[in-house]
Structure formats: C-alpha cells, structure tokens
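Next, two complexes with chain A in common: one pairs it with chain B, the other with chain C.
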Partner chain A sequence: MTASAARAARPLLGAAVFLAVLGLWQAEARRHPSYLFPAASAVLERASHVWPTSEFLSDVVSSLERLGAGYVIGAGVGVALGLVLGSSVGLRRLLEPLTELLRATPAISIVPAAIVLFGLGEAMHVAVIAFAVCFPVLVNTVEGVRAVSPEVRDTAAMLQVGPVERAVRIHLPAALPQIFAGLRIALSAAVILLVISEFVGAGDGVGHYITFQQSQFNTEEVYGGILFLGLLGYVLNRLFLVVERRVLAWHYGAVGESGR
Partner chain B sequence: MAAAFGTGIVAPLSRVPKGTIVAGGARILKRGNLSGWLFVVLVAGLAEVIVRAGNLGDSVAAPSAAVRALASELWAGRLSQAIVTTLHVYAEGLAVAIAIGVVAGIAIGSSRTLLAASSVVLEFLRAVPAVALIPLAILWFGLGVPMHRFVIAYAATWPILIATLYGVRGTDRLLHDVARTAGETRLGTVVRVTAPAALPGIAAGIRLSAVIALNVAVTVEFINGGGGIGAYMQRQQNAYNLPELYGAIVLTALLGYAIHLTLRAAEQRALFWVGEHRLESR
Partner chain C sequence: MPRAVEQEAHAGVVLRVDSLSKRYAENGPPALSDVAFEVRRGELLAVVGPSGCGKTTLLRIVCGLTSASAGTVFLDARPVLRPPREIAVVFQDYSRSLFPWLTVVRNVMFPLRRTQASRAERLATAEAALEELGLRGVARKYPWQLSGGMQQRVAIARALVSRPEILLLDEPFASVDALTRAELQDVLLRVHGEHRRVTIVHVTHDIDEAAYLADRVLVMTPAPGRVVRLVDVELPRPRAQTATRSSDRFLAVRNEIQEAITEQQALQRGGERQ
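This part shows the complex of A and B:
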C-alpha cells in the first residue's frame, strides 16, 4: 500500500476501530449475559424506543436550557471581568488572590450552598453551571489581554483610544484565541455541572433520567442515558470547533497554525 | 520552543521579549501580594455586614461563622478523617490517571496510524462526563473506594492524555530526526527526545486534571455518602448546618488552592528550562 493510500484510509480507520470496539462489547455481553453488562444491541434497541418519546425529549430540552443559560451567563461574566482585570496591572494584582481562590474551589462545593440558597429550582442549576464556566473563561481572558503586544498598547495610548473602545476593539479581538481555549474547557465543565446538579436535585433533565433508571435497576436505560450524554458532549464540542474556526479564521490565517 | 506548542491550553505566543516576562513573573512570585489578600479580607468583611444587616442567616452563613465552624470542626477532629479519606482516594485516582494518560498519550502521539485508529473512540469516551458514569460505576463496583477511584481516574485521564498527545505532536521533527540519525533506537528517541519535549504539555494536563479530580472526588462522596469531605457536606446540608457547610466550602477552596500552588511550584522547579511561564493559564 502506498503512503497516500494509507493516508486516505486513516479517517476510515477511526470509524472501523470504533465499530470493532462495539462488536467486542456485543460479543462479550453475549458470552457472559448479565444485567450489569447488557449487549450493545440491547442498549441501542432500548434507546431507539426511549429517545423519540416526548418524555425523554422534554428531559433533553430542560437540560439544554439549563446548560445554555448557565453557559452564556458564566461566559459573559468571565469575558467582561477578564477584559477589565486584564487591562489594569494594579487591579489584576488586587483581585488575583480572590480569583485564584474561587477558581481553585471545586464547583461541586457550590452545589449544596446553591440548593440552600435557591432551592431545587432552575436558578440553582443555572447558578452552579455559570460558576463553573466563569473562571476558566476569566483566567484565559486575562491571559489573552496580558499578551497584547506593547507596540499595540503604545499605539492605542498614543491615539488616545478610550478604555471601553480599547477593551472591545483591541483587547477583545487580541484575546479571542485564548478566550476560545477557555470557552472550550468551560464547555465540558458546564456539562459536568449540569449532570451533577441534575443528579442531586431535579425533577427532569437527562441527569435525573439516569439516576431514576438506576434506582429502578433498568441498566439498559442507564447505559442509554450515558450514551446520550457522550453524544451530546461530542456534538457540542464539534459545533464549538465549527464556530471557533469561523470566528478565528483571521487568526489561523495570520498565525498559520492548523486549527485546534 | 516547539515544546509548548499546540496543547490547546497554552497562550498564543506573545511578542513581549522573554526576559521581561520571566523577571516580572519572578518578582510577582517572590513578593507576597499583601494588597490582594487584604482585598479578600475586605470582601469577606463586606459579605459579613450584608449577611448580618440583611438578616440573611437563614440562607447563607456569615464568613465569620463559617470560619469559626471550620476551625472548631478541625479542632474537634471531626474533619480530619474526612480530609484523609478524600485526599487518599484523590491521590490514587490521579496517580492512575497520570500513568495511563502519559503512557497512552505518548504512544498515540508518536504514531499517526495509532492516532487515526483511536481518534473516534477517544473523542467519544472523552465526551462522556465522568460523573454520569457514577450510577454505572455503582452497579459495577458497589459503593466502596474502588468505585470512587475509577470515576476519579476516568475523569482525570482525558486532559492528561490529550495534553500529552499534543505535546508529543508538537515536538520539533528536527530533534526527532537528529536523534534517529545519531543512532538512537525508536524507544530511545521516545524516552530521550519526545517525552522531555512533551513535558510542558504533560504538566499543563496534570494541572488541569488535578482540579477536575478534586471536583469529582468530592462529587462522588456528596452523591453516595460514605466518607470524605463530600459526604460531610451532604450531612451538613441535610442538617441545615449552614456555618459548617460553608466552612467545608472554604476547606475545599483552600485544598484546591494548596494543590494549585504545589503543582505550580513543582512545575517551575522541574521545567525551569521552559523559562517564560507560559503555561500559567489552565
């Protein structure tokens, strides 16, 4: 096989290995039947019945609403605060210990406090997700703004660009690649906190679906729910990359770095 | 400098002369940030006033009450067992994750065929939130320590694996070719060229995973009870002991911060040649 033929086969190789793993799962489950380890086909069969039902879809919608609201609020706060902190050395030093402490706080710690404060309603889920999203975005924004070159800073100062305009038209675009790195980390953090908060206290949502099915010992449904979350995370990540490529096309053009 | 390239976590190269950043970073690290810590105290004081003046004691704990509760719980030894339990399983899970992540990352990163073959499976497994595996892990392992260890290790493996992979992929081809021409074996090249070049990436991955693993460790305990800080928090929440609950939050924050400082210091010692501390952001 020539090198180019091998290269052409590579994308298929990934899919082939994925199918092989599924096949292995199926064969193993057939050989050792156990309710702890249902066959892949059984899980997919169940999923094909459960996923189109309106109950499951409304769980999905509830989850996505929480995820979206928390993500947008957390990212907005993170970017805005990051732009402010990044542009002033004094302010950054003043707020550094506080942000470092809050960033190091495991987001799960916030969950019980949020339950007491907000009850088990939507506000609790959204607050917890926003908290988890905010800090990676904040830290990356600050780093991105800090990396703005002195020439650009000096030029802006010389042209007497006002602070707001400087933040929005110079610092924000310059920090954007770094902000996207933070947003991507925050995306997986958001999904994790969504699941945690729904495990702990929710009447609906995919996380609630999984814990409920587990309490009924419906293993196939539990596998299906986890499978769904895996697909959701995968699709969100893909969508994120598409958006990033579009928004940062100019950056990749300038740097020549293959997009990642 | 190809070493720190492309981990997906690092900052884009700044055009600031390298010396200034090193000097600035060293100065900031040496000089304690007194004003910043005073500001933390100020914020806590402000929260104290708001909680007291607004009579919000039913929904949030005043900072002074939280700190007092934490101190008395620590003094009475009611928390020491919980801390030991959590840190023990945390360290075990993280160690497993580092071992698997680094080895698999180097292996996959140094072979294009292996990378292509594993890409779909990796992307999918990585997308499954580890906490979603808790119900399944309970069915597999029961409620004990092995289940905690599994979930923590699962969560912490991916960032290390991915960062290692990118660190390896970003290695300068030239170094690689020189080593091969100089008669280094394939394994020797991996050990003496690829692995050191990937170290900054690996360190960044470990730093990210260290935070995630602590989060997951507390989460598993919170959801399933048993021992540890998470279970302690759950008990305090159920009993509506707000000062103790907020005290435990302060405790996890301090633990997370201590882990962060330790890893940063270790990284600066071990990776002194990276110079400019570009891996600062997680």
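This part shows the complex of A and C:
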C-alpha cells in the first residue's frame, strides 16, 4: 500500500476500531446479562427514546445556558485582565503570586465553597465554570501580549496608538493565536466543571440527569447521559476548531508560509 | 540673534539634531557621541556607516522611540520628546512591522483611522497610496502572501499615506535580494521626486546606495558613534541605475565616503596600538 493510500485508509481504520470496541461491549454485555452493565444496543435504544423528550431537552438547554454564560464571563474576564497584565510589568509583578496560586488551584476544589457562597442556584454553576475558564485564558493572553514583536510595538508607537487602542487593536489581535489556545483548554475545563457542579447541586441539567438516573438504578439512562456528554464535548470542540480556523486564517497562512 | 532673524536662518531646516549623545549603560561606552547636523526641508539625507556606528540609535532618537542621554532633536524648532505625528518610519524588518492580522489595504488605512474622512474616502486614499507604490490587485491580500519587496512597498505606502513631513527609513532594503533592492531604490527616488515636500532620512550601511539616492550623505563611524563627514552628492536628478552609477561624480562621492570611513578606522587602529 502506498503512503497516500495508507493515509486515506486511516479514518476508515479509526471507524473500524470504534465499531470493534462497541461490538466488544455489546458481546460482553450479552454474555453476562445484568442491569448493572447494559448492552450498547440497549443504551442506544433507550437514548433514542429519551433524548427527544422535552424533559431531557430542557436538561440540555439548562446545561448549555450555564456553560455558555460561564464560558463567556470567564473568557471575557481572562482576556481583559490578560491584556492589562500583559501591558504592565508593574501590575504583572504585583498580581503574579495571586494569579499563579489561583491558576494552580484545581477548579473542582472551589465547588463546595461556591455552593456555600452562592447556594445551589445558577450563579454557583456559572461562577465555577467562569473560574475554571478564566485562568488558562488569562495566562495565555498575558503570554501572547508579552510576545508581541518589538517591531510591532515601535510601529504602533509611531502611529500614535494610545494605551487603550494598543490593547484592543494591537495586543488583542497579535495575541489571538495564544488566546485561542487558552480558550480551547478552557472549553474542556468548562465542560468538566459544568458536569461536576450539576452532579453536586442542581435541579436539572445533564449532570443532574445522570446522578438522578443512577439513584433510580436506571443504568441504561446513566450510560446514555455519559454518551450524550461525550458527544457534546466532541461537537463543541469541532465547532471551536471551525471558529478558530476562520478567525485565525491570517495566522495559519503566515505560519505556513514561513514554515515552508 | 533676534528671534525673527533666527527663524529665517532656519527656514529651510526641518530637523535639527543638537549635540546628541547616548549611553545605554550608566558607565558603558557611548553609542552616540556629540552628533549634530541639520536636515533641510525636502532633501534626501543618507546616514551611512559600518554596523555599530549608532545609525539605528540615532534614528530611534530622532523619531522619539528612544531618549537621548544628552542633546536634543528639534522638529520644526520644537523638541522631539515622543513619536511625533509628522514623522513616519519604515523599519528594516517589514515582515514584522506590518500587522499580520490586517489585509494589505487595512494596514495602509491604519494611520488614517483618526482623520475626519469617511471609510470610503480612507479606503480610496489607501488604495491610491498602494497604486503609487506600484501595488495593484494586492489590497485584499494578507502581508504574508506578498514577496519581501512587495511587503516593503506596503510598509512605505503605509508610511506615506498620512503625508508625513519626514520619512525615516532604517535599512529598508537590507533584507531583500539585489534586484529587488535596485527596484525599491528607484521606487523611493520616484516617490521623493513626486512628493517634493517630504523629507527623507535614509539609514544604510551600503555606501553605493547612499551615494545613489541622497542629496547629502552623513558619514558615521563607530566606537563612539559620531559624524565624521557630511558629503554633498551633487549628482543630477532624475537618477538612473546605470547612468548615475557609472558617472565620474558618483565614483568621486563613493570614494569620499569610503575614505572618510577608512581614515577613521585607521586612526582608531593606530590609537589601539599605542
């Protein structure tokens, strides 16, 4: 097989492995029938009934709203703070110990404190997601701003660019490749925090759906919920890549050119 | 001298550099030592010298990006303390001074962002500036899609679009191949011919380039960086690559520059031996 044929076959091979694992699950579950370990076919069959119901869809909507709000707030704060800290050596030195500590704190560990602080309402979910999102974005923004080339800084200075305009029209676009790297890490962190916070304190949402079904010993629903979250994460990541490719088209072009 | 007389005496002077010195470290060697000269309105002044002679430091102080340790730069008799609106700069590294996230035309429009003109007018002005630099059909491209020579033309277009009084060029053609370099030299001569009002200060380490382009050549030598000679080129304009470069006057000018540099180097070597 030629190299290009092997490359072309790779996605097919991937799909084959995926189906094989599914088949193995199915076969094993069939060999040991037990409600504790439902067959893949049963999970899918159940999902096909549950997922279109308005109850499940409203869980999905609740989860997406929390995720969206937390992500936008966390990313906004991270970028804004990153632009400020990236431009000011003094402020960076002043705040570095604090941001380094908060960044190293596992976001999951603040969930109990957030419940105490915000109760079990929407604010708690949004706050922990925003917290988890903020730091990777902040750190990447600072690094991106610091990496702005001296030539660009000099050019901006000669073009009478003031501090606010510099942050928005020079530093922000120049740092955008790094900011997107942070946003992507933050996306998976956001999904994790969404689910965790719904496990421990929510009246609805996909995370709550899974724990509720578990308490009812509905294992098919539990696996279905897990499957749904997997698909959700996958779709969000793909969407993110589509947006990134569009927004950073100039960057990939420039990088590809110099790498040639 | 009465004020009126003084003003008249300086009427033709757009930029005055007054006993400029620069040390980067408190007790370090001076990068510039007592540099003084005047630039006349509309002239093309070349600053030439070997690397390390402080050319770039001088240029950065003139455009307000770096502060001097002593001395002052006067633009239209006002001291330069920060980058002035009237000065535009083209840096050597075009690939890093153009904004990669903006298309070519948006790069050129950038200096016009605070003018009263509408967006359509600014677009038209930027497109005209590109046209003037011989750039057609590239307005919607990104800088990385152009060759080095074309990127440098974009940088020149962006510098000229706001009609600066003074255009400073820091080794602008040092990063392009020889053919492109000759082409860009002629572009610069044409631009200078067409905008009689713009004064150009062109920093280069290329003696031939300085002689070919300039009305006057400021010769600098290193350790410490200072001006050792000011050469009047007195070559007729318009200039042409072959005719000008093969003239007797061209050879005389380039030899004078070369001698000034060599002389100074010999003096320094002599000084080191003693």
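Quick note on the criterion: the second predicted complex is superposed on the first by the 253 of 260 C-alpha atoms of A that agree within 3 Å, B and C clash if a C-alpha of one lies under 4 Å from a C-alpha of the other, contacts with A are read in each partner's own complex, and residues count from 1 in each chain.
Here is the rule we go by: contacts are C-beta pairs under 8 Å (C-beta built on N, C-alpha and C of every residue); 3 or more make two chains touch, one makes a residue touch a chain.
Here the structure is a predicted model, which is why all the values come from computation and not from measurement.
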Clash-or-fit label for the pair chain B, chain C on chain A: fit
Partner chain(s) touched by A:11 [first = chain B, second = chain C, both, neither]: first
Angle at the Cα centre of chain A, taken between the Cα centres of chain B and chain C once the superposition is applied, in steps of 10 degrees: 90
First, second, both or neither for A:52, with chain B first and chain C second: neither
First (chain B), second (chain C), both or neither touched by A:149: both
Touching partner for A:233 - first (chain B), second (chain C), both, neither: first
Partner chain in contact with A:33 - chain B first, chain C second, else both or neither: neither
Touched chain A residues, chain B compared with chain C: B
First (chain B), second (chain C), both or neither touched by A:157: second
Touching partner for A:173 - first (chain B), second (chain C), both, neither: second
Smallest separation of CA atoms, chain C relative to chain B, angstrom: 9
Residues of chain A contacting chain B in one complex and chain C in the other: 149, 151, 251, 257
Residues of chain B touching chain A in the complex: 6, 8-9, 11-12, 14-16, 28, 33, 35-37, 39-40, 43, 59-60, 112-113, 116-121, 123-136, 138-140, 166, 208, 211, 214-215, 218-219, 222-223, 230, 233-234, 236-237, 240, 242, 245-246, 248-249, 252-254, 256-257, 259-260, 280-282
Of chain A, residues touching chain C in the complex: 149, 151-152, 154-155, 157-160, 170, 173-174, 176, 250-251, 253-254, 257-258
Residues of chain C touching chain A in the complex: 63, 65, 83, 85, 87-89, 91, 93, 96-97, 99-102, 110-111, 114, 142-145
Chain A residues within the chain B interface of the complex: 6, 10-11, 13-18, 21, 36, 93-98, 100-113, 115-117, 136, 139-140, 143-144, 146-151, 177-178, 181-182, 184-185, 188, 191-192, 195-196, 199-200, 207, 210-211, 213-214, 219, 222-223, 225-226, 229-234, 237, 251, 255, 257, 260
